[in-house]
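In what follows, chain A forms one complex with chain B and a second complex with chain C.
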Partner chain A sequence: MDHNGNYKNEFGWFADKPKVPKKLFNFKAVFIGVVIFVVLVTSPLWKNLGQIIPGPDPQLNTAAIMKLPEKDRTCVESKEYMRANHMLLLGEWRDEVVRDANRDYVNSKGKKYLASLSNNCMECHSNKSQFCDQCHNYVAVVPNCWGCHWEKEKEKKQVAQSEAK
Partner chain B sequence: MGINRREFLRLAGLSTLLGLGGKTAFELLAPGQLEAQQYVPEPGAFKAKRWAMVVDMRKLDEKTAHKCINACHLTHNVPDIANPVNPAAAVSPEEQVRFRIKWLWKEDFHNAFPGDEHDNLQEKLHHMKFLVLCNHCDNPPCVRVCPTKATFRRPDGMVMMDMHRCIGCRYCMAACPFGARSFNWRDPRPYIKEVNLNYPTREIGVVEKCTFCDERLSKGQMPACVEASGGALIFGDLGDPKSKVRDQLRTYFTLRRKAHLGTYPQVYYIV
Partner chain C sequence: MDFFKRHFLVPLIAVLGLVALAYIGVKADLTFVFGVVIPYLAVLIFFEGLIFRIISWARSPVPFKIPSTCAQGKSLPWIKRSLADKLDNPENRLQVFGRMALEILTFRSLFRNTRSELQPNQEKPEDSRLIHWSYKWLWLGAIAFHYAFLIVILRHIRFFTQPVPHFVTALAEADGFVQFYIPTVYLTGVLLVVAVTYLLARRLYTPTLRYISLAADYFPLLLIMAIGLSGILMRYFYKVDIAAVKQLAVGLATLRPVVPDGIGVIFYIHLFLVCVLFAYFPFSKLMHAPGVFFSPSRNTAGDNRWKLHVNPWNYPVKFHDYMHQEDDYREAMIEAGLPVEKEK
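Our next item is the complex of A and B:
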C-alpha cells in the first residue's frame, strides 16, 4: 500500500487488495493423505509381519567336495573371506585371466588354483541352484555370470528367480 | 610457547626417517601380515613376442577347411544360426545371413582379396575357398574405436575380446575391414548343437570373433584350427627368427588381406 492507500502489483500498476487465504491447508485432507501414504509405503513390512522367512542355507555336500579328504575341504581362501569377498575375487580373476592371461591364482597360503568360474569353482560347487542362487535370491542380487558361463549342474532343482528371463 | 628450532628440526628428521623406513621395517618385523595373493600364467603356457598365422592354400583342401572350422566352432561354442537345436528357433533365410556368427569361415578369392582380382585370373584361384578369420592386426581399427576397451591388443599381438565389457555398440564391426566380427542378435545357446562345457558361450548383445585360441595357448596347446589342419595352417611367433611361421614367410611369397588399408594383418596366405 502506498501513501495514497492504493495497492500496487509487482509491476507498479494499481491492483486490488491482495487476498490473504484464510487457511494455509486443509488439515483433515492432508492428514488422511499422509496416513494413506505411510500405510502404502510400509505395507510390505505389515504384509510380512510375523512371518518367518528362512535364511539361506547353502550346502557344501556335493559329490566332488565329499570325495576330498576332510582336511582338504577348503575353498581357495578362508570361508569368511569367500563369504564376504567372493564377488570381488571373481571380478579380479576375470580381469587377470581375460586381460593379462594370468590363468592361475596363488592364494594367501601360496597354493595355486586355476582361476576359472566354470572350470574350477563349479567343479566343487556343482549345486548352483542350491549354493549360489539361495543367497542371491535372498538378498535380491542378480549376478550376470550365467548368461555365458556354464553352471555345470546335473539336476536343477529350482530356477533362480533373479535370472528368470 | 611452541617448540624451538632445534626441536623442530629433530622431529622433522625423525618423521622423515620413519616415513621412508617404516614400511620396510614393518615388513621385516612382521612378515606374513601382507596378503600373498597373486596371479601367474599357467606353467606350460606358450609365450610369444608376436603371434601370427600362415595359411598354406596349397595344402588346404575343402575337407581340411571344414575340419578346421568344425574344430574351432566346437571348441568355442560358436552357434550355427541356420541350424537351431529346436526347429522352433529357426530364423528366416535373410536373418540366417545377418545373424551368422563367424570365427573361421570360407571366402572366395575376390571376396577375401578384393582389389587383387582381375579379369584373367589364374584358373585355380576361381575354385579356391580361402579360410579367413580375424587377422589380429598390428594396427587394429576395432581396438581404436571400442569405447569400453572391451577389445584390446595384447602385448603378444593378439587382439582379444573381453565379453564382460562389451556393450554391443558394434563400432568394432563397422571398423573391421575384414568382417571378422559378429554380433549376437539372439541368445546363441539355442543354436549350439554340441556344447563344450569348458568354454563359455556368449550372450545376446555382445560382439565376438576369433581369439587365436588364447585359452588353448595358455595351456600349452596350439589353436584348435591349427591342430585340425594337419599342417595347412601354421601358427607361431613372428618375433622368433627360427619359428615355423618366419621360415614359411622367408621361403614363400605370401599375401595378406587388404594390406593397403594399413591395419597390418598378421594372417598370411601362401597361394
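Our next item is the complex of A and C:
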C-alpha cells in the first residue's frame, strides 16, 4: 500500500476496496412498502383474530323429521355424501325431471324416492334458514335454487317481499 | 439425460412427488401436520424470507443513476412532451409513480415486447431478411395469468373470514356470471390454468426459449398448474365437505387451529402445494413481484442532467495534486531550472 492508501496486486495498482455504508437505502420508501404489503395481506384476518368463530349449525329437528321413527331418519344418500355432493344430485334431478320427465330416484341402497327439491327435500328440511342457509351463508355460496323454488317459510310470512325480490 | 430433460423432468417429478407426499401423509393420518403445522410454517417462511430479501436488496447501493429513457426527455422549453413521453421518461417523482403504476398494473415493458426472425428475402432468394415485429402474446398470457391468479386468491378470502366481506361475494358473483354447471364455474379459475399452460407451452415449444429455461423456470409453472388443477378437481369433481374446509381455514386465520374430520385428501394435496408455493416464494424467481419495485431503471427519474447522483460508495480519496508534487521535488526543480509556483 502506498502513502495514498492505494494498493497493488498482481494486476497493477488499485484504489481502496470500496467501503459500502452498512445501511438501508431509501429506508422510508422500503418501510412504507413493506408495511402496506403486510397490512393489505393480513387485513381481512384482523377482525376475527383469536376469536372462536362458530361453525354452521344445520338443524334437523323439523316436525316432519321428528315424526319419523328413529331408524328412518336418513336422507336419500349417506350424510357424508350429501354434505359434499347434494348440489350435483339436485342438478342431476333437475335434468332428469325437466328433460325426461323422470321423477324417480333410486338411491345406492335401491330405495326409490321422489326426485323433487320442493316436494321431497323440503318436506323434511322445511326450515331453510336453519338448515340450507346455515352452510350456504357460512361459505358464502349463493345457490340459484331459490330463484324458482318456493320457500315454504316465506310463503306464510312475506310473499310480497319475495316476489319483489 | 440432456440439458432440457434434466431441467424439465426434475421439477415435474418434484411436483408429482409433492402430490404423492401429501397423499401419503394424509393416508398416514398426519392431517394435523398437513392442515396446521405446514401452513403456519409456510406462511412464516414466506414473510420472513420476503422481508429478509427486501432488506438485503435495500442494503445494496445504486452506484449509478440508470433510468431507462424510452421517450423524449425533458429538454429545451420548445421541445414538446406528450403524456406518453412523460410516463416513459419521467422527470420527477409523480411521473415515476405513473411509470411504476403502468409497469406493475399493466406490464408496460412486456407490452413493448418484440420478436425478431430471419425471413426469406423475396427480392433476393439466396438472402434472408431480419424482421422485427411487435409480439403481444407473452404480454397477454402474463397479464391473464397474473390477474386471474389475483382474483382466485381474493376469492379465497371467503374461507378465512366470517362474515365474508362484501367485495369477495361480489367478485365471486361476477366471476361466476356464466352460471354454467353446478357449482358455478368461475372463469378466472379456468383462465388461470389456460394461461399457465400457455406460459409453460411457450417455453417447451420455442427452441430458443427451451434453451434458456431452467428447472427454476419450470418448477413454479408446474407447481401453479398443479395448484390450479387440484383446485378445479376439488371444486367440480372430487367434492369435499366445504363447510369443514372453512372451519379449518378460519381456525388457522384466528390462530385457533382445528382439524375437522372427513375432509377429502384432494383438499390436503391442494393446501400442501399452496404451502410449498408460499415457502418457495422468497427463494425463487417469484421474487420479481417485490423486485420490480427495486428496479433502478424504472424507479428513478431521468433527471441526471440537473440533479447530481452521488455514488454511495464514494469515500474521501487522498489526492496528491500538483502543489504536493512541487513540495516533494521543489529543491530538485529549482536546481534543474524548472519554474515553480512557490520559491520556498
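The definition used in the following text is that the second predicted complex is superposed on the first by the 123 of 165 C-alpha atoms of A that agree within 3 Å, B and C clash if a C-alpha of one lies under 4 Å from a C-alpha of the other, contacts with A are read in each partner's own complex, and residues count from 1 in each chain.
We adopt the following convention: a contact is a pair of C-beta atoms (placed from the backbone, for glycine too) under 8 Å apart; a residue touches a chain by one contact, two chains touch by 3 or more.
This is a predicted model, so every value here is computed, not measured.
Put simply, more of the residues of chain A are touched by C, taking chain B and chain C as the two choices. Look at A:140: by the touch rule set out above, it reaches chain C but stays clear of chain B. When both complexes are overlaid on chain A, the residue A:149 reaches chain B alone and has no touch with chain C. Of the two partner chains, chain C is the only one touched by A:56; chain B is not.
Judged by the touch definition given at the top, the superposed model places A:115 against chain B, while chain C stays out of reach. Touch criterion met: A:98 reaches chain B, while chain C stays clear of it. When both complexes are aligned on chain A by C-alpha atoms, chain A residues 144 touch chain B in the first and chain C in the second.
Those residues of chain A whose C-beta lies close enough to touch chain B in the complex are 92-94, 96, 98-110, 112, 114-115, 118-119, 144, 147-150, 152.
Those residues of chain B that touch chain A in the complex are listed here as 35-43, 45, 152, 154, 160, 162-164, 195, 197-198, 200-204, 214, 218. Note for the complex: chain C touches chain A at residues 47, 51, 54-55, 58-62, 157-162, 164-165, 168-169, 172-173, 179, 182-183, 239-243, 246-247, 250, 253-256, 262, 264, 290, 293, 312-313, 315, 317-318, 320. Interface residues of chain A facing chain C in the complex, by the touch rule stated above, are 3-5, 15-16, 18-27, 30, 33-34, 37-38, 44-45, 47-53, 55-56, 80, 83-85, 87-88, 90-91, 135, 138-142, 144.
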